[in-house]
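The following pair of complexes shares a single chain, subunit A, combined with subunit B in the former and subunit C in the latter.
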Partner chain A sequence: MNPIENGKNHIIPYKTFLYVLAGLIALTLTSVTLTRISLGTLTVTIALIIAAVKSSFVLRIFMHLKFENKMFSRAVIGVIMLLCAVITITLLDYLNR
Partner chain B sequence: MSTQKGFEEPSYLEYKGKYKGIFSWILSTDHKRIAILYLFSLLTFFAIGATLGLLMKLELIAPGKTIMTAQTYNAFFTLHGIIMIFAVVIPGLPAVFGNFFLPIMIGAKDVAFPRLNLLSWYFYVTGVSLVLISQFTGQGPPDTGWTFYAPYSFRTTGNMLPAVFGAFVLGFSSILTGLNFLVTIHRMRAPGMTWLRMPLFPWTLYATGWVQLLATPIIGITLLMIVAERTLHIGFFDPTLGGDPLLYQHLFWTYSHPAVYIMILPAMGAISEIIPTFCHKTIFGYKFIVASSIAIAFVGYFIWGHHMFTSGMSGTALYTFSLLTFIVAIPSAVKVFNWISTMHKASIDLQTPFFWAVGFLFVFMIGGFSGLILGSLATNIHLHNTHFVVAHFHFIVFGGTGYAFFGAMHYWYPKITGKMYDSRWANTGLIIFFAGFITLYGEMFFLGMRGMPRRYYDYDEIFHTGNIFSSLGAVVMYFGLAVIIINLFSSLRNGAKAPSDPWGGKTLEWTIPSPPPVENFEEIPVVTKGPYNYK
Partner chain C sequence: MILVTHRDDLTSKTGMWLFLFTEMLLFGGLFIVYSVYRYRNPVSFHLAAHDLSVAIGTINTIILLVSSTTIAMSITAIQKKNKKLALLLLGMTIVLGLAFLVNKYFEWGKHIKEHIYPGSSVLALRGHGDVLFYGLYFFMTGLHALHIIIGLVFIMVITASILRDKINSENYVLLENSGLYWHLVDLIWIFLFPLFYLIT
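Here is the complex of A and B:
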C-alpha cells in the first residue's frame, strides 16, 4: 500500500543520505575531470551517462521513488522515454545535415 | 441563499469567506472564484490583443504607411502574438472552464491544491504584466514576433528581457494548472466515477495536463537560454559564439507545437459536451474520442519540425516530420466523424451553444485541411511565411479555441452566473462575428497563395483588393465580438433566473443549483452510469 494511504512515512537513515551525497560528489568530480581529457564525440555521451546515474540516485533516494508505489516509477520512466524520443527525432536533423 | 433542490448553502457568488470586496476574490481559493478571476483577466487581455489585431488590419487596408510606422507594426504583431498565445488561448479553456467545471464534473468539492491554483493566477497576471511593461520601458518594445527567433532575439535593441521573462512566468502558471488538474483527476473522482465514466471535457483536460506538465518546462529553459545568451554571452544559439540558431527553433517548437494541443484539446472537450446535450443523444464512440484525445496529446510531441520545413533541416528530419504531421490528422478526424455521427438522426435543439459548436466544426475543418497543405513538403516551400500560414493558424487557433471558448461560455453561462442570456442578441452577434471571421481570414488564404508574406507592414499593389476585404472583415468581426460580449454582460443584470439544468444536460454540473453552492455538492454523488446517458 502506498505511504499516503497507510499514513506511514519511510524513514531513511542519515548514513544512506551521506553515502549518496558522497557518490554524487564523486561523480561530479569525474565529470569535471573528463572534460580535461579529449574523448572526441564520446565526451557528451559519457557526460550524459554520468548525469543520468546521478539523476537516478536523486530520484530513487532523495525523492523516495524507491519506496513509493510502482505507478510513480512507471510515470517517471514514461517521461524519460518521451524525452529520449524527442532527442532522437532532433538528432535525425543534426546527424543527417 | 440558494435553496434549489434543498441546498442550504449559499452560492459561491454570495459566500465571501473571511474577506470583503475585491479581497474576497483575489484571496479566494475556491476554484469557481479563481475561474472567474481568470475569465475577467483573460477577457481584458483578449480585448487588448484583439484591438492590436484590428489596428494592424487597418494599417494593411492600403499599401504604404496608413496609421502606423513599420517599427510600430512590428511591435504590435509581437505583442498581439504574445498576449493572444500565452495569455489568452493557452490558459483559455482550462483556466476558466477547467477550473470552474473540472471538480464539479468529476464530483469533487475543489481541485487537489486550491492554494497552488490561486498562485497560478498570480503567476499569470505577473507574467502578462511583465510582457506589457516591456512595451513601455528600455530601448523600445520587442519586435521579434511571439516566437522570439534567434539570432534576432539576442541582437535586437528592443526590450526583450522583460517580455521573455514574462513568457517564462506564464509557463509556470500553465505547469501549476496542469499539475493540479492531473492530481485532481487521479485522486478526487467521485465514488463510481471510473475512468470510462468520466465526461469528455475532463478527459481532454487530463490529456492537456500532461502536455502542460511535460512540454512547458522546455520553453522555460529555452527562454532562460536567451536571457543567458543576451546577458552572459554564452553561445547557445549565436553562431559567432559557437551556437546554432536552428537549435533554438527545435527547442521553441518542441514546446510550442504541443502548446497548440494545450489550446485545442480542451476546446474539443467543450464541443464534446455541447453536441450530445443539444442532440439529446449519447455521444457516438465515447471510447474512441477518449483514445483520440490521448493520441493527439502523444503524437503532438513529435511533429514540431513542420514549423521548420524551410529552415535548412536535414532531408531525413523533413520526411519524418511530414509523415508524423499527417498521422496526427487521424485522431482529429476521428473526433469530427464522431461529433457528426452524434448529430445523425438526432432531435437537435437549435440553441446558441450548438451554433457555436457547428461553427467550430466548419472553421476547424478548413483550418485542418489547410494544415495538410502546409504539412506537405512541396507545397510548404511555396506557402511558408505567407498569409496562408496566418489564415491556417487563425482558423485553427481562433476558429478552434475561440469558437469553442464562446460556445462553452454560452453553454455554461447559466450555470456560472445563475442567469439566462438573450438568445436573439447572442445569435445575432454570432452571425456578425462569423461573417467577419470568414472575410478576414478566408481572404488571407488567397493572399498567401499569391505570395503575400506575413509580418510585412507594406505590400505590392496587386494585394490591395484582398487586403481591403480582409481589413473590412476585421472591423465586422470586432463589431460581432462587441455584440456578443455586451449581451453577456447586460444579461448579468437583465437576464432571467437560470434553472439548474436549462439545456437538459446529463453531466454532474447540471445536477446542482445555478450558480453552484460553495462546496458544489451537499453530498459527494455516487456515479452509477456513463456521462451522456440519454436512453
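Here is the complex of A and C:
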C-alpha cells in the first residue's frame, strides 16, 4: 500500500465516458448545423456557448474535476475568470476607441 | 522486505494543473489577438473562413473527442487492473492522434498549394484582413499541432512504462497527467474549431 493516500481513487465507469462522448459529438454536430444556418451575430454567441458546454464536460468528467479535490476546480474557475476579465477589458478598449 | 518509495500524487497532479494553466493563458492570449483582429476586419475574416473545409474540421474534432475518451477510459482500465485494455486504449489514442496530424497535413498542403501561407505574395494581394486571418490560422493550428506531437510522445512514453509495469494499478499518476495534457489539447481545439471553421 502506498504510504501517502491522496484523495479517493474514484473509478469512473467506462459507460460514463461513452455517454459523455456521445453528448460531445452531438454538440459538435449541432454547432456545425446551427452555424450553417446564418443567424447573424447570434452565430458567434451560439458557437461559443456550445464550445463552453463541451469544455465543461471535458473538464468535469474527462479531467476528473468533478471527483477530484475541490482545490483544482476552484483554481480552474479562477484561471477562466482571469481570462474572461482580460478579454472583456481588451474588447472594451477596442470597442470604445 | 517491502520497499516503500515516497510518492505524493496530489502534488504531482497539482504541478501538472499549474502547467496546464500556463498553457490556457498562452492560448487565451492568442484568442484575444484573434478577437481584436476579427473585430477590426470583420468582412475579410468572414470571407477567408469560407476557404476552410468544415468537413475536415468536423472529422478532426470528432477524432480528438474519441481520442480523449479512449485515454480517459484507459485510466479506468488501469484502476481495474486490466493492463491489456489500458494498452489497447492508449494505442487507439496514439493512432487517432496520428490521424489528426495526417488530416492537418492534407489541409495545410491544400492551402500551401494555393499559395496561401504566411509571407506569400499571393496572400498579400488578397488584403490585410486575409493576411491576419491566415497568419493566426497557421500559427494557432500549428501551435496546437505541436502540442499534439508532444502529447503523442508523452503518451508513448507512458505506454512503454505500462508495458514494463512501471505504471500499474497502484501507481498511475503519470498516466493521469498525460491524460490531463491530452484533454487540454482537446479543450483548445474545441475553441479553435468554431472560431476558424464555423463562424463565417
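Just so it is clear, the second predicted complex is superposed on the first by the 86 of 97 C-alpha atoms of A that agree within 3 Å, B and C clash if a C-alpha of one lies under 4 Å from a C-alpha of the other, contacts with A are read in each partner's own complex, and residues count from 1 in each chain.
As a convention for this text, a residue touches a chain if its C-beta (ideal position, glycine included) is under 8 Å from a C-beta of that chain, and two chains touch if they have at least 3 such contacts.
Nothing here was measured: the structure is a model prediction, and the numbers come from that model.
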{"item": "First, second, both or neither for A:92, with subunit B first and subunit C second", "value": "first"}
{"item": "Residue contacts with subunit A in the superposition, subunit B compared against subunit C", "value": "C"}
{"item": "Contacts of A:59 with subunit B and subunit C, given as first, second, both or neither", "value": "second"}
{"item": "Contacts of A:11 with subunit B and subunit C, given as first, second, both or neither", "value": "second"}
{"item": "Overlap of subunit C and subunit B interfaces on subunit A (superposed complexes)", "value": "79, 82, 86, 90, 94-95"}
{"item": "Subunit A-touching residues of subunit C, taken from the complex the two chains share", "value": "4, 6-10, 13-14, 17, 21, 24-25, 28, 31-32, 35-36, 39-40, 54, 58, 61-62, 65-66, 68-69, 72-73, 75-76, 79-80, 170-171, 176, 179-180, 183, 186-187, 190-191, 193-195, 198-200"}
{"item": "Parts of subunit A lying in touch with subunit C, wherever the complex brings them together", "value": "1-4, 6-7, 9, 11-14, 17-18, 20-21, 24-25, 28-29, 31-32, 35-36, 43-44, 47-48, 50-51, 54-55, 58-59, 61-64, 68-69, 71-72, 75-76, 79-80, 82-83, 86-87, 90-91, 94-95"}
{"item": "Residues on subunit A engaged by subunit B in the complex (per definition of touch)", "value": "79, 82, 85-86, 89-90, 92-97"}
{"item": "Sites on subunit B touched by subunit A in the complex", "value": "214, 246, 250, 254, 301-302, 305, 312-317, 320-321"}
